[in-house]
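Next up is a structure, given as structure tokens.
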């Protein structure tokens, strides 16, 4: 009995100390991490929707055309009070972990830009998706994400057809294209609804 | 001073954690596809190893033998999490690259092995130097492997272009199969030379 | 996509497309260490299957019912997971050692090996990262375990066979196990793209 | 502060719970075993990595006790562990010869 | 081949290490591959294509020679096995492959595929396919450029018109598109595929000539009919199940080349009669699965490599020719 008590006590105390230490460290680093995330998000927003605009968080549930792609967040883009676009944060299943994307959409029905926020794709293959030195069209220096700029919502977004795939990374290419496609559909419905209601 | 140098040197070559002990190889294969990943892994590894060794050495008289392993594991996991949080807060871009492999540190046999074999029996100062030696021994090997893989697989070292842009990289080098193959050649070379040395003796 | 098809997809992905040993390098220590012996490989395979599923179930409960509701996930996940898995495995080992010496010989002796096997922890992290629900987590765990089992059997079979051939001195011992794994990994790359 | 307390309670609770269970199980399901195996097992690193080719440190200790493996089979422990195992084995031999 | 020697060759199952006999077998295989090779040169232009074949064979022989030196084994560079590996590798490569890549592939095939295991007879994997898989993963771009027949000029190879293989088109666009390529007539399609007038690897397109070579090898008892029969038969049946044109499925891609010349490699295929049959069937199943669900349109190579992994089990689990295990099993039941 004595032994059981001793083990309980020691393991409990060690656990408690560990929990306390971690909570303390998290208290210090937590704000830094969230500040960092916010900064990344802000930079991402202005990257997918270049120009001097205001971004505003949007709380709305969207109807999705795809069962595996999810919309985590949405931001409306405002210029002088008027809505000119929508940026969507999309999660699409990648080859190992989900890929988090920011997709900027314009009111005129085109994609303004795409950025990968988080991904765990294979270095040298899938990771080339966010590599700014990797061109899918070498002559025009167009990156994989760059090719989405200006694409219409109504496009098919199928790699090897209207989307140039990354060599040896079909899964990644499909995942990104799929995410953009869903975002496009959502944005299309959103703008239509806005117009309908005035 | 000489004693400490001997402890450090012991980790660098005579009982190098990868080359001689040949354990904890999961992380070796996993993170050596680029020098950058290998470097961050090295930082996390050294941080966790050194601090865990210190704490365990500090507590060595109190820890009961029956549950020493769970305690070691908790200590190691705690430092791993701290390392994760710190790298996430201050080196976010690299953290993104290897976050899947960070937990490999927790279950790295090298750390548990050193905790048990060295710091559970030695003083704090000795443990620090053992940690330093082991970290250096671990890092030079994984960085070397990573350099080879990155050069042939991507034409760069730590992001700097080494081969001209016209070089078409052998993608396989940064993919899983080459990790095994290079480790195989390395292990073969080691066992071969060690055997030779034994025969000579 | 129906829920069942989704489960099938998760299974194929974890067993073949992202084979946990060959393409994710988890559980290498035991993979290289034990495949010299076919008997041990099989025992380890059963033990890993059992523990992975157990661990996936338990950690899912801890993750969903304790860590996430109290916002502890970012900093307590690793510690709690490893503590719980390690202790559970220890308990199971002590128990079957006493209760069924037969089972202990076939599978139990491999249990301690698993407590610090990165494969188990890896699976639980993947489950948490992907946000799988309970059934999905179990399916992922079964897939990963079968992938591990398969890799163990392949390597053990080939190593057994290679015992009759005159390997070069350079590659005798563990080295050839790594080389074979490299080629098997090359073959398994063929499964890439099966999951869309 | 609330987070701090919850954290301490959670991990401390896990630790205490499993500590108690481990202690209880170890008592209740005790298995008699060869003292030599036990002694060798004590000095092995408990890393349970399997690098020696045996499934776990316990099997490794058994193999050493039955002389199926050499005393330097544990690479993780290195030279220090080898020395200790040698010592343990010798002690047992001496005891046996005295009896 | 000298008729008197054939009886000696038949019993090759526990592998024969005798140099003279090995070289005879290898010579047989080389001769059997000749028609398909010549067809490849005819369809894809003598210039660059011939270069690929020569570079591959030469590199393989050089690699073999070097390996003998490095690993201090008796020289086997002249038993023709390296030449066979080199030729097989070349036949699986696209006609426009750059020479350096071919050379790398041949070195990998010989050293990684064969010599690290101790040379001929010990390799658990088919060496030529190890080389090809290495290239496929390393340089997917070069490995998926296919040349339209009769368009690759002698010099320079760039003038060739690139196109997709029939399997490629089926993967991306569907069967009707393939049919449209042949004026919508199945008969013309079958004929083109059978003769080899389609895009593909150097030696895989002409089913007819591969069939002739394969049947010759079977007739000379150099290879066992069970593996190719099981393989091709399974692909035929399963393709129909998956609603693919079965005749198209067996004629297109590298199936004939793989079934007759790769899967039958002595040291990487099972040695039991039943084992061979099961081996062939499993290969067929895997190939259809790869073609149907995989990222790349063809799956013969990866199927063979994966089944190579399981050969030790096929040998172990199924009773041997000698009936050694059979009585024991019955006793258990």
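Labels A, B, C, D and E are assigned to the chains in the order they are written; within every chain, residues are numbered from 1.
Going forward, contacts are C-beta pairs under 8 Å (C-beta built on N, C-alpha and C of every residue); 3 or more make two chains touch, one makes a residue touch a chain.
Treat the numbers as computed from the prediction; the structure is a model and nothing was measured.
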| item | value |
| --- | --- |
| Contact-graph separation of chain C and chain E, given in steps at minimum | 1 |
| Minimum number of chain-to-chain contact steps, chain A to chain C | 1 |
| Touching chain A and also chain D, the following chains | B, C |
| Chain whose averaged C-alpha position falls nearest the assembly-wide average | C |
| Furthest chain, CA centroid comparison against chain B | E |
| Best-connected chain pair, where connection means C-beta pairs in contact | B-C |
| Relative to chain A, chain with the most remote C-alpha centre | D |
| Separation of chain A from chain B, taking each centre as the mean of its C-alpha atoms, in whole Å | 32 |
| Separation of chain B from chain E, taking each centre as the mean of its C-alpha atoms, in whole Å | 42 |
| Whole-Å gap between the CA centroids of chain C and chain D | 23 |
| Residues within chain A bordering two or more other chains | 3, 6-7, 10-11, 14-15, 18-19, 22-23, 25-26, 96-97, 168, 170-171 |
| Per-residue overlap in chain D, given as positions that touch at least 2 other chains | 3, 6-7, 10-11, 14-15, 18-19, 22-23, 26, 47-49, 51 |
| Per-residue overlap in chain B, given as positions that touch at least 2 other chains | 22-24, 66-67, 69-70, 74, 77-78, 81, 85, 100, 109, 112, 169, 171-172, 175, 177, 181 |
| Which pairs of chains touch, using the document's own definition | A-B, A-C, A-D, A-E, B-C, B-D, B-E, C-D, C-E |
| Chain A residues touching chain D - in the complex, by the definition given at the top | 3-16, 18-20, 22-24, 26-27 |
| Residues of chain B touching chain E in the complex | 168-173, 175, 177, 181 |
| Chain C-touching residues of chain E, taken from the complex the two chains share | 71, 73, 112-113, 115-119, 121-122, 124-125, 130, 133-134, 137, 290, 293-296, 299, 301-303, 305-306, 308-313, 316 |
| Chain C-touching residues of chain A, taken from the complex the two chains share | 15, 18-19, 22-23, 25-26, 30, 67-68, 95-98, 170-171, 174 |
| Contacting residues of chain C [partner chain A, same complex] | 1, 6, 18, 24, 74-76, 79, 83, 126, 129-131, 192-193, 195-196 |
